[in-house]
Every structure is written in C-alpha cells, then in structure tokens.
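We call the chains A, B, C, D and E, going by the order they appear; numbering starts again at 1 in every chain.
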C-alpha cells in the first residue's frame, strides 16, 4: 500500500503565490495520518489534489494497492427529500449493513435517523456525513475537519472505533486540534507556511488505540514536537 | 448590564422532545461566557432564542442596558461581488476604522483582503466573518463555533486580543474545545442532555487575559469540573 | 390564497374597466369604440353562459397543454443542460422553434398534424413551455456542490440523481415558474383557438373581433381572468402544500 | 460559441426543410401545399435582400424590446417578490395581463396608444418579459440565509442589497433566462409587426400568409433564425464573460 | 396657403384594391386639393371607424357591415363614397370536381366561411334564399391559412376575387386544376363592400375639407383605372406592392376596375342606396344588429354630387 506525492507544486489560477512548491511525501501503511498546520497553509488544497478535484498542479502522484480515495469535508449536506436513516440505507451496500448499525450506535445518531438532515445540529450533521463515507468501499479516506463541530468526547469515541473497525485503511485526518492529532495519529504531517523550508515536517504521534492508555508525558512531548515543527 | 432568561422551554415544531424545559440563566457582567455541551444539546438553539431568530418558545428574556445582540456562526458567507477588504471597509463605521486595522493584523488576514471570500480557506473565512461582527456596535456577541476551523495558536491570539479590546461586551462563546473554554472564559454554562437535572450547570473558568499566565493545576481542575458537569 | 387571488383579480378588472369608461366619457366616445355599462351588461346577459362554457373548454385544453409543456420543458431542459454537442444542439433547436411566431408556423403545423385537437394542444404547449424550459436549463446547469460531492466521489452519480438534487434544491423556483406559466398555457390555448379551432373562448374572441364587439371581448377577458385565477390559485396552493411538506420548520413562528 | 450556434441552426433548418420535402414527395403533395426546391430557390433569389433588411429592422426593435422587458420584468419581479398585499397584487396583475392573448388586447392597446412604435414595442415587450419575470420572482423570493444573516442582524439590510445578493447568487440562472428570452423578444416583435406595423419581417410574413406563399414564409423563417442565432450567440458570449469575471477559479482545469 | 393635414386609414394592406387611393397621393391629386394626406395601411386588427372617433384619422375605408354595426352602436360615422360597386368577395372552387350553377349545388359540400366575417353573413343569406340548412352543407371555419382547401378537405373557399382569387387560382392552375368562382351578386345578394367614411363632426365642421378630399380621391380613382393611365398605375403598384409579380398586378388591376367601375356609365364612388338597404336587411335578419339603423341616414352623397 503506497500513496506517494512527488515534487508537487500548485498555485491557484488567480493567486500571486504558490500553495506548494516541490512538496513530497509518502504514506505506506494504513492508520490515521494527520495533516496539521495553520489555517490557510494548504491542507484542503492538498486533499483536493489527492482526490483529483484540483488538476492544475505539477508533479507526480503515485499509488500502489489503492483503488479508491474518498474525500469528506464538514460542509457537505444530504439531499432533503428523505430522512437520514433512509439515505443511509440507500447508500449502504448490502455487505455493510451490519457495520452501519454498529457505527450509528457508536456515533450517537440513532435519534437523528428519522429526521431530515437540515433538522440536525451541526455536530450531528458532521457525524452523519462521515458515517456515510465509512460505509463505502475505499482505501483512503480524507477527513477534512469532518468532525470539527462535534464535542470532544464523542469525537474520541468515534476515532477509536473507526481505527478499530478499519485497520487496513489510510485515513488522512485534517484537524486543528493538537491534543487529538498527537494522541490518535500514527504520524503528523505538519505543514509550514511557504517561506519556511522544508515545507513539511513529519512528527510521530502516539497512535492510541482502543483499550490502550496514554502516557501523559509522551503525549506532551509529541505535542511540543508538533508545536516546534509548525 | 443584565441578560436574564427565565423558565425557557422550547421544542422544534416537528420534534418529539423538548430542547429546553424550564431553563433559567443570567449573565450580569461582561467578558467571555462559554456555552458548552455535547453536540445536539441545544447550544445553537439557545443562541437563536436569544437573538430572536427562534420565536416559538415560552418563558421570558429580560435585558438591562443591552441594546444590540449579535449572532455570528461559522457557515456565514460574504457576498461575492467585492473582495474582502472592500466589504470590510463598507461595513465599518468611520469611528471603527482604526479598530479594523488592529484586528486585521491580529487575525492574520492581511493577505486575504484583496481576495474574494470564496477564495479563502475555511479558517480564513471564519476569521473574516468574525472580524466584521466585531466592527459593529453591540453589547452582546454570540460566537457560535465562529472560530471552529481556525488553528489553535491563531485562535488564542484572537481571543486574548478581543478580550482586551472589548472589555464591556458580553461574549457568548460556543465551542467544543474544553481546553480553550476553561482557559479563557469567565464562566462556562454546561448544557446537559435533557433527562439530567438541572439542565445546566455553571462552572467558573480561568478567564485568562493578555499578559497573564495560567496555573496548570487550576486549569486542569476547571477542565475536570466541566467534564464532571456534562 | 385562492380567495385573495380572486378578489385581487376583481380589483384589477374593475380598475381596467373604470379606466376604459373614464376614457369613454372624457372623450365622449360611442358604444362602438368603448361600450357603455348598459351595453356591456346587456351583452353580458346575452353571452355569459355560452362564454362560460367556452372558457371551461379552453381551460381544459390549457391544463392538458400545461402538463404537456411542463413535461416537454423538463425533458428538453434535462437534455439541453449538458454541455455536450447534443445538449447544445437540442437547446438551439428549442430556442429557434420558439423564435418563430406561431402564426408563421401554424400553416406548417396544420400540414403536418391537421387542424384537430393535437395541433391546438401543440400550439398551446409551445407557447407555454419556454419559460419553464429556461428555468429548468438555468437550474440544471448549476451544480449543488455540497450535496453532489458525495455521489460524485463515490461514483454513485447518475443523471437522474443529479436532476433530482438540483430540482429539489430549487423547488421554490420551479414551483413559481410552473404555476406562473399556467397563464401562458391559457394564452397559448386561446391563440391556438384563435387561429385554428371551432370551439373555445379564443374562437369566440375571434368572432367578436371580426364584429368589432368590444363588449364581448371584455366579457371574455373577464371569464378568462377569473378561470385563470382559480386555476393558478389551486396550483399555488398545491405548491404551498408541497413546500410545506418538505420545508424544515425553524421554530420561527409563534 | 457563436460559430457553433450558427452551424447548429443551419443543421436544424436543413432538417426541417428536408422533413417538409420528404412529406411532399412521399404524400405526393402539389407545389401549392408545400413548395418544391426549385420554387423555393426562385422565391429566395427574388426576396432575400428585401427580407434581409426587414429582418434587420425587426431585430433592432426586438433588441430594444428585450432591454425594455428585462427592465420591466426585474422591476415587477422586485415589487412582486414581497409577500405583502401590494406585492401579490402586482403579481396578480402581471400574471393576468399575460393570460390575455395579445390579439384580444391589441384593439385596446391601439385605442389607448395608437399604432405607432410604442404599441409595437409594448407588444414585443409583453411577450418577452414573462419568463424573465417568473425567474426573477422565483429568485427574489428565496433568501440566501448564510449571506443575508449578517446584514439582517446588524440592521443593515435594505431591499436594494437583498436584491443584489439574490441576483448575484443566481447570476447563472438569470443569464440563462435573459439570453434565452431574446428569442421571445424576436417572436414578440414579429407578432407585433404582424398585427400592427407596416415594416419588418412580421409584416412581410403577414403578406406572404395572405398570399398563401409558403416559400416566402420558409425564407423568412430562415432569416429570423439566422439573425436570432447571432444575437443570442452574442448575448451568451457576454454572459460567459460576465460569469468568467465573477467566477472563483477552483484550480480544476489543467 | 398651408395645406390641410389629414390621415386616411385604409381597410387593407397596400395592394391593387387601393390603387386609386395611392394614385391620389403619389400623383398629386391631394396636393392639388390643398390636402396633405397620410395614408395608413389597414389590416384585420384595424378599424377606421374607431380611429375617426378617436381622432387618429379623419377619413377611412370601412365595409358596409362595419358601418351598419357602428351606427347601431351610436358611432357618428358617415359614408361619403362607395368604392366598390360590386363586392369582390367570392368563393373559389375546383371546377373539375364541382360546379356551382345554383346555390343548391352546395348541398353535401364543405363550405368555408370565416365565422364572424361578412362572408359568413353573405353565405348564410345565400343558403337561406334556397332554404338550405346547416344539415345540408358542412360549414368549415376558415382562417388565413389555405391548407384545408389545398388538401381538399374543404370544397369551396372564400377569397377576394381581385387579389387572392388570382394568386390562389394561379397556384391551382399551375398544377393543372380547373377553377371556378361563386359570385353572390349573381344570385341576387348585393352586400356592399368598401366605402369611404368620415365622422359627422368632420362633415359638419369642415365640409370643405371633406369635399376636397372626396373630389380628389374620386378623380384619382377615375384616372387610375382609365386605360391610358395603366402604366402609371402599374408603376405605382410596383412601388407599394413588391410581394406581387408584375403579371399578377396587371390582372388584379383589370379585375379591380371591373368591381369599382363595372361599366363606363357608372361614376366611381356612387353610393348604391338599394344595396345598402339590402345589406342592412340581411344583417337585421341574421340578428347582427338588434334593430334597424336606417342606414340612409348614415349616407351622404352630397359631397360626391356637388363635386361635379
């Protein structure tokens, strides 16, 4: 399994400066990989390059054993003509129905199923949206602030459960929560504003899994490392 | 200065259960007041009741020395026909121009001014949107996850600056970040899911101001208190 | 809603009529140019029942034409929305046909279809489908990114779904256009009857025009306006029900 | 874009013509029902220059009518968008006027305005403004909450701003409708000339109809379609430029 | 001495039927009479009588049924000259499939009429004369489009003999078909066609203008139809009626002359009072007017006579 970016450069058509210049990175194992960095540094653009929504970049993307890259973000909406439960039922392949039930419970959205998407709170909307992506077949899922409006307790619960249920998937987790990324991610790709060189630094995270306990000291060290990197 | 809610009950027209039942609360001093609680508990609904967007509730709202309550949230957009700088210039009263310059610098959005809103990253959009509210005349500002997509460093900088610049304003700060609310808010109104009684609990926060330092111990205690409350 | 539409129509009609009477009496015109109230009333008693049924006829054809053209417009709009060659071709075809005044096309239509019901229906539909088409084209060409993204990236997007999403998100606009174009269906049917039929209120208007009988025309206009108000009121009411069914209540009403 | 519109029109016209010829020769219809190619060609050589200038005349009036009716529709749409009594009254009035076929209104229009340029313009505008009106009504009635919220809660909302926001957010739809309704402006002008004027291609069509000369009508239709394709192509190109100016590039094109 | 400006609203488009009117303008007859005349084309949506009242026109051409209807509704319209002595409205048919020697020959045929038009009035009168009811013939609603006739769905179709009578006839002949015409006058129905009208007010307040106008107009008509002026008249028509070929215009002119001046002894413009009365009778019988209008009161021949 390999996701490799080689010497990527990109500039928005009407912008003066580049978002990336000669950025390279590679991921070769499943798990949670954070994309971290100050707002406006290019995390979303990076994600869009990966999932082919942005095409006007230079450089190569190379993949091995990866068929489907999905990209979810926190502003998505569900269509309004059916309630959330029906929508989920509709987009769930038969083989994933069981998974769906487990996830609904863990995400705490049972009460949302018979309501329409527009009738949910922001955090509920976030969860419902992420859930439907998890019910697809994929190798890589980019979560662009997908849980940004969910409370921390629920978020932790979700991350742990997802890590347990999808051990073979590469998750690219975009979040501004340093506590969280250092705690749950295997590695953290820290983006730095463009004059800084290199443009990215890689930090090893605590990669906490369900049932494990965190050493406070190590966690704080990771956080410090991330902070120094950015 | 007084913002008093008395025995508020509210249910969405097509929902089975109440969001609030007999909720009371009062705020009588300026500063940052957090609204905290699990996703879907009713924070946004609470804010909408305060700013009169939801009208179908029972109970009384009583204010003293409060003329204008503003409500900002993280999904707002600016119109597309002018760039951000022009828009801000247009909605800034002459007396606040200086304030505008200070805030733009502190928010780190100088580079965004000559771009259009749709060309900004999510966190940049959040900041631009909050900024324009701060340039109005108001007594209460509700910030409903207004900075949810901004990185933590920038967010801290913004909160500290705002606290310093607007000492006479009541801010109702809705956020899922427990570290942040316990650190910067004067008090935290913790919403609890409806079967729990009472429906809200009040926790005193660290209310950190610019130049002050935080006692780690106290901070952790506050966080613990909040966690226990919810 | 219906009720309001009706009395607003009555106000408008009365205003128009008063305006005509005003002109008549200021310029001292004869009943031939503008009929007086007595004249109008006499004509009304004479023809209203016949005209009433004629209008009913016309309305029935108009409703069928309206439905036909709504389907037609949605179909053409869906095909024409695509940025492909075929899409733009269909669009150009639809536009061009529209540019030709019906009077010029009528001979060709009659050659092809005879002068029966079908020709009338076609003419009615042709006149009323265009506004719907334009709206459908505008709506269908504009992606609803935040909803469509999921379907697109997971490879689930089908054209039917795309249409459903865009139509649903713009339901209010579609309802406005469809309900509004009822007026054109009515006008179209009348024009069709005017140039083709032996029945309906358009036919009666043609005879009245030949006889320079403005009283009859005024009565016909009254009945047309009335029946249209009813039809449109009902359409708007259904639209309102549909909207209500799908709308998300915000707790904004006390 | 313009180029494509033109040759697509030529294809459509050729298809239509071939269809007619096909019918003619299959059903063995005589030249007076459907003229043969030789007949058509002779007529073409005889009238094309005159018809060409006539069409130019008509196009000029149509453009003025198009501009007028766009302004009119936007005006009525803006007033009628309000959920107030006046708003719904204006809407009902606008709808009712539309329901009356022009032929029935023409006598009244001529009584009021004589048969000069103004009457013709009015008729052309009346025919073309309705689709724009419906779209404007649909667009203006629907709030863009995420943008409007700020203005509303800070008490800065003015109706002009509201209109600006909604129009801007729906620019694509508006451009589609305005460019599309050019066809109706053309059709409207032709109808107006047909019943009122003594110039323009509508007048020529009327004469051809009275002379029962289908060849002339076919040639007129050709010139109408051609000039319309040019006009509409230009409109769409301006629309494209406007869109490009305001669109946010997403980095999606290589 | 500045000339008097007046507007003259015709009943129909510029074609051979209005040759005298155009002649008066283009060859200076109106100028000589001290009049500056604007001639406006007519059409189905045009009504000269209404324009007289509204002041949009001072003179106009209207058909007799229009005049009678207007009078019955109190319009102050006066007939000052009758342009057509014979109504050019006839019915065309394919002579190789039928002939109309008697009205009863129409039995079992599909007959085209314009509902509401004066051809309906004339045809109903013809049929009533022979006691033919609507069961005996099939009436077909006619519009400007000839397709049903061309497709032989309708056997006999109303035309103006001097205009479409020629063009439509030519089309059929070109395909080798024989044509024939049914002329109502041949069966004793004299329904007056186009006449020159003005308002009572005009006649009362500016009789000299009316007189000058009628005189000039009639002189022009006489001139336009006299054989020595044929080339001048045809040149005029070429200018105003570009959509008709020279050959057709020439034949139309000859036919028109026959309707306007059936014999050398008849002075153009002569008002045929008995025909007017018959016209009124017919309309009364068919309930097109509620009560008699005494059409003679609407007729003023004096303008014509004095001009001698």
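Going forward, a contact is a pair of C-beta atoms (placed from the backbone, for glycine too) under 8 Å apart; a residue touches a chain by one contact, two chains touch by 3 or more.
All values derive from a computational prediction rather than experimental measurement.
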item: Third chains touching both subunit D and subunit A; value: B, C
item: Selected pair, greater C-beta contact count between B-D and D-E; value: D-E
item: Distance from subunit E to subunit D - Cα centre to Cα centre, in angstrom; value: 37
item: Separation of mean Cα positions, subunit C and subunit A [Å, integer]; value: 51
item: Centre-of-Cα separation between subunit E and subunit C, whole angstrom; value: 38
item: Subunit E residues counted as touching two or more neighbouring chains; value: 44-45, 47, 50, 54, 145, 147, 151
item: Multi-partner residues of subunit B (at least 2 other chains); value: 12, 14, 75, 119
item: Shared-contact residues (touching 2 or more other chains) in subunit C; value: 33, 107, 111, 206, 209, 212
item: Full enumeration of touching chain pairs; value: A-B, A-C, A-D, B-C, B-D, C-D, C-E, D-E
item: Touching residues (chain side subunit C, partner subunit E) in the complex; value: 27, 29-33, 35, 39, 106-107, 110-111, 115, 195-198, 203, 206-213
item: Contact footprint of subunit C on subunit E as seen in their complex; value: 44-45, 47, 49-50, 53-54, 66, 69-70, 73-76, 114-117, 141, 143, 145, 147-148, 151, 288
item: Complex interface listing, subunit B residues touching subunit C; value: 10, 12-14, 45, 48, 53-57
item: Touching residues on subunit D, where the partner in the complex is subunit C; value: 4-5, 8-9, 11-13, 20, 23, 33-34, 88-89, 92-93, 95-96, 98-104, 107-108, 111-112, 130-131, 133-135, 137-139, 141-142, 172-177, 180-181, 183-184, 186-187, 190-191, 194, 202, 205-206, 209, 214, 217, 220-221, 224-225, 228-229, 232
item: Complex interface listing, subunit B residues touching subunit D; value: 51, 70-73, 75-81, 91, 116, 118-119, 129, 132-133, 136
